[in-house]
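Before we start, here is the structure in question, set down as structure tokens.
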Amino acid sequence: MNESANTVSSTERALGESTIELRQMHKWYGEFHVLRDINLDVKSGERIVVCGPSGSGKSTMIRCINRLEEHQQGDIIVNGTELTNDLKNIEAVRREVGMVFQHFNLFPHLTVLENCTLAPIWVRKQPKAEAEAIAMKYLERVKIPEQAGKYPGQLSGGQQQRVAIARSLCMSPKVMLFDEPTSALDPEMIKEVLDVMIELAQEGMTMICVTHEMGFAKTVADRVIFMDEGQIIEENVPEEFFNNPQSERTQLFLSQILAH
Amino acid sequence: MSATASTAQPSLFAKLWYDKNNRSIVVQILATIVLIWFFGSMVLNAVINLEAQGRGFSFAFLEQPASYDINQHLIPYSSRSSHLQAMWVGIINTLLVAVAGIILSTILGFTLGVLRLSKNWLVNKLAYVYIEYVRNVPVLLHILLIHGIIVHSLPRTKEAWNLLSDTAFISNRGLFMPSPEFLPMFKFVLAAFIGAIVFAWLFRRFARSLQARTGTQLPVFWVSVLAIIGLPVIAFIATGHPINWEYPTLKGFNFQGGAVIRPEFLALWLALSLYTAAFIAENVRAGILAIDHGQTEASMALGLPRNRTLNLVVIPQALRVIVPPLSSQYLNLAKNSSLAIAIGYMDVTATIGGISLNQTGRAMECMILVMAIYLIISLTISGIMNYYNKRIALVER
Amino acid sequence: MEEMIPKKQYAPGEHPEMPPPFKTKGAGLWLQQNLFSSPTNIVLSILAIYFLYKMLPGLLEWSLLDAAFTGSDRNECRAKAGGACWAFISERLPLFTYGFYPAEERWRVDLSFLFLVISAVALLWEKCPLRKPLMVFAVFFPFIAAFLLLGGNGVKLMVVLACTAVVLLLLYRGFSSAFMMVLALVVAVLAKYAFFGGIGVPFTDIHATQLVDLNQFTQLNLKTVSTDLFGGFMLTLIIGVTGIAFSLPLGVLLALGRQSNLPIIKYSCVVFIEFIRGVPLITLLFVASTMLSFFLPPGTTFNLLVRVLIMVTLFASAYMAEVVRGGLQALPKGQTEAADALGLKYGPAMRLIVLPQALKISIPSIVNTFIGLYKDSVLVIVIGLLDPLGIGRASLSSTEWNGLTNEVYLFVALFFFVSCYGMSRYSLYLENKLHTGHKR
């Protein structure tokens, strides 16, 4: 998929300093050890794709980055702010990190425009008119400005997900997290969402993306991370990862996912 | 704290307020202080006020003679009995009307709910009118209305309606029925009845295992009904009618002998049951309608006949929807039984929370007792219903 | 039929429409399908018709055909007709409506009722003209109505209205959780002093107003009417509307408290809710009438009606809390997660995202709770307040109307039936309208 799109390889771009750092991070659900010794360093402008079988902890890991889940051991540092119990820090991190969910999680009682302006008005304390202008700009970028007055329930899945992306962009985040953004979509709608994401990547947005879209990974990723049973098993540039996987589990996973 | 921005030492306020764990502790301590303050001043005021009246907080009055009469008591009671005994009589009367009401309202409610879904236009609309009328009028009015009809519109004792040729009478003093006296031989009838139930249970198990092994289906329902009714009847005849009936007879102004259901109980029981039945009917209807039509269609498509579709597919699913609201209807019924006080049925509110309270002036102690009793009854009912709910949920999964 | 249609092949889309070969209309068919479709149905229909035949004529005769609508006492009724004696109701209608409210001041009750209707229409009818300003009016309505009904000094009303406006403005503008805590503490302290000593009950005896020379506002004063004179349908409406207006916000707070992850907050809400739901309302009313004075500082008394209103509000708020909790639980978890991810704090997230949706889901149940509360208001007769039922029972003991219990009860029942049936139809209409779930 998307082979026609420009390949924006990592090698020729200069990456900035670390934006997200995970150091020896562990997480438990009760007795269950979901994340084990996660180490990850994401540079500014870097695009990372996380893949792995279901239940491997991919979603949990990126949900830790904006503290939707709490980690119990190790450090997470986002934009120089460490995530602890300090609510000020959590708020600061969430202001700078946008997130797109598998099920969109748009607010059904608000119009598309209101969905987009809600956080800028209440969190960034922008004036309404300014927030609306910015929202329209991003809605145009995701190619649905004409839907601004509609309610999410009136849109298709692909359109809803694009609204969700615009909603996150309205906060002008430094990092975007994507939690399986295309998994709940019908096949013909996946492309319209991926196109928006590719465009975003080309503009230099720092992205961490949990997805099974291997085409997308090949096109835009600087690094592909493979996770299984709560651990990062393998980490490599896309060409190496797909053509020359190191561990057996990665090989097995790739053979299953690319079999048909 | 923070990796880069921790150069300045955070203030105490920031430490307490912006740390998630500390904040929750601070908030809870504040809440505790407010709660203690509020209830503390209530208790303190109560102590001061009671002392000003020259009496402490004590339940000793429960031992004193109640010196009032209660016309319906299932345990020994006279006006010389203690307030405690009066309270027990009240509790038993409350439980009696609550349990009787729950049974009757369940039967009526399920019947009405099914009638409400009937394809028969007339029956459907009649059930609708009944349910809407009953639901939208306060239960206290139903109680008073039914009590009024019994007391004012039924004949006096002398002209009591004679039901079943001199065995039972109904008048504005209540329903008079013969009371049974069990002869020693009756235990065989009882044994036959228990035996029949055991037999029916064993037969059901046998039929199940037979069906599992060979696929043969036995008429379990009809065999069980036949056994449970037939065996005791045979035993009853064989042992020579081991029950003596004591019939009520009119002597002077009232009936003597036999058993009586008093108009207060009758009115309360009927009113509570009829009222709650309307709500249960709506729950039943909603529960059955909540089952996706696809379920019935799938079952029919598999070739299951109509009654099996109901038994095996619709009812198990509908029950899961019906039971939770059903339990809150039972709770309401039990609590509404406290309206007995309006027509003089001596339940726990009318005895310990009414006459005893007025006689001794111990409002606080009496109200605490009454509330505690209702809380225990409510918790028991919801406990039983939760248990039942869990069971049917498990059966389903 | 077959001869009329020529047998030929039609091109797609050109086949003429044909009538079905069986009957689809007609009274006979309707009867057959709806009343006599199967043996069971035939039996049921015959039973139903027999039941109606037995009940309806007698009921009609008693209540309408053979009833007396005029007359000055029971005997006159009996002389005129053998059925119901409605003359009693028509004669006592003012009493049933206003209780013992002084006749020359009853315009105030009528005016409050008019305001109530306006507020209700604005709140319930979405296409109401001028809805926005009328809804603002509806928010202030309880205070205006209280002033109209009780009478007294107009300045107090102004103060109360201003305070409400400020609080609402703050709510609308949004405020931090720290501010909310401080506000809650201040309210708790005020409540503590108001109910259990210290300064007087706020807004019934404001010290600040004494600083102002009240005489210049005399034209705003209304004659004070004691709440002992309140009664009849007016009392029912007062209890119902007060309970509705105050139990909903309290219920929302309790529901949020019950969802809280702070154990002390959570369990105090749970204990409160389960306690209130576990005891009958009349025991709470008994507490209000006999026991509450024990918990107040020596010498404090306050109005029985106020005590009853507080108890009814607390009672209803526990049920409301459970209804709202149902709505909160029905909301997908993703909604709060998305709010968190956008960086919204607890207050705005609840106010902007969670509550609007949760309340919308639970509107039908909220209306049902209101109906229950409204019906429960008749229970105040057990502590001696004169609602319609109380008025009726008191009137029955007068010599000229003795013994007309059925008429009184049926009349009051009719009143409740009409208002509650109306409300339940409205809730049904909402239920059918609110099918904008979370479809994916």
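In order of appearance the chains are A, B and C, and numbering begins at 1 in each one.
One rule holds for everything that comes next: a contact is a pair of C-beta atoms (placed from the backbone, for glycine too) under 8 Å apart; a residue touches a chain by one contact, two chains touch by 3 or more.
Everything numeric in this text was worked out from a predicted model, so none of it was measured.
Chain pairs A-C and B-C differ in how many C-beta pairs are in contact, and the one with more is B-C. Comparing chain C-alpha centroids with the centroid of the full set of protein C-alpha atoms picks out C as the closest. With centres set at the average Cα position, the gap from subunit A to subunit B is 55 Å.
Rounded to whole angstrom, the centroid-to-centroid distance between subunit A and subunit C, based on C-alpha atoms, equals 48 Å. If you average the Cα atoms of subunit B and of subunit C, the two centres end up 27 Å apart.
For subunit B, residues touching at least two other chains: there are none. For subunit C, the set of residues touching two or more other chains is empty.
Remark: subunit C residues 174, 332, 334-335, 337-338, 340-345, 348, 352-353, 356-357, 360, 436, 438-440 touch subunit A in the complex. The touching residues of subunit B, counted against subunit C in their complex, run 17, 24, 27-28, 30-32, 34-35, 37-38, 41-42, 45-46, 48-50, 52, 118-123, 126, 132-133, 135-141, 144-145, 148-149, 152-153, 331, 335-336, 338-339, 341-342, 349, 353, 357, 363-364, 367, 370-371, 374-375, 378-379.
Considering their complex, residues 75, 77, 80-82, 84-90 of subunit A touch subunit B. On subunit C, the positions that touch subunit B within their shared complex are 34-35, 37, 41, 44-45, 48-49, 51-52, 178, 181, 185, 188, 192, 196-197, 261-265, 268, 275, 277-283, 286-287, 290-291, 293-298, 371, 375-376, 378-379, 381-382, 389, 403, 405-406, 409-410, 412-413, 416-417, 420-421, 424. Residues of subunit B that touch subunit A in their complex: 1-5, 14, 18-23.
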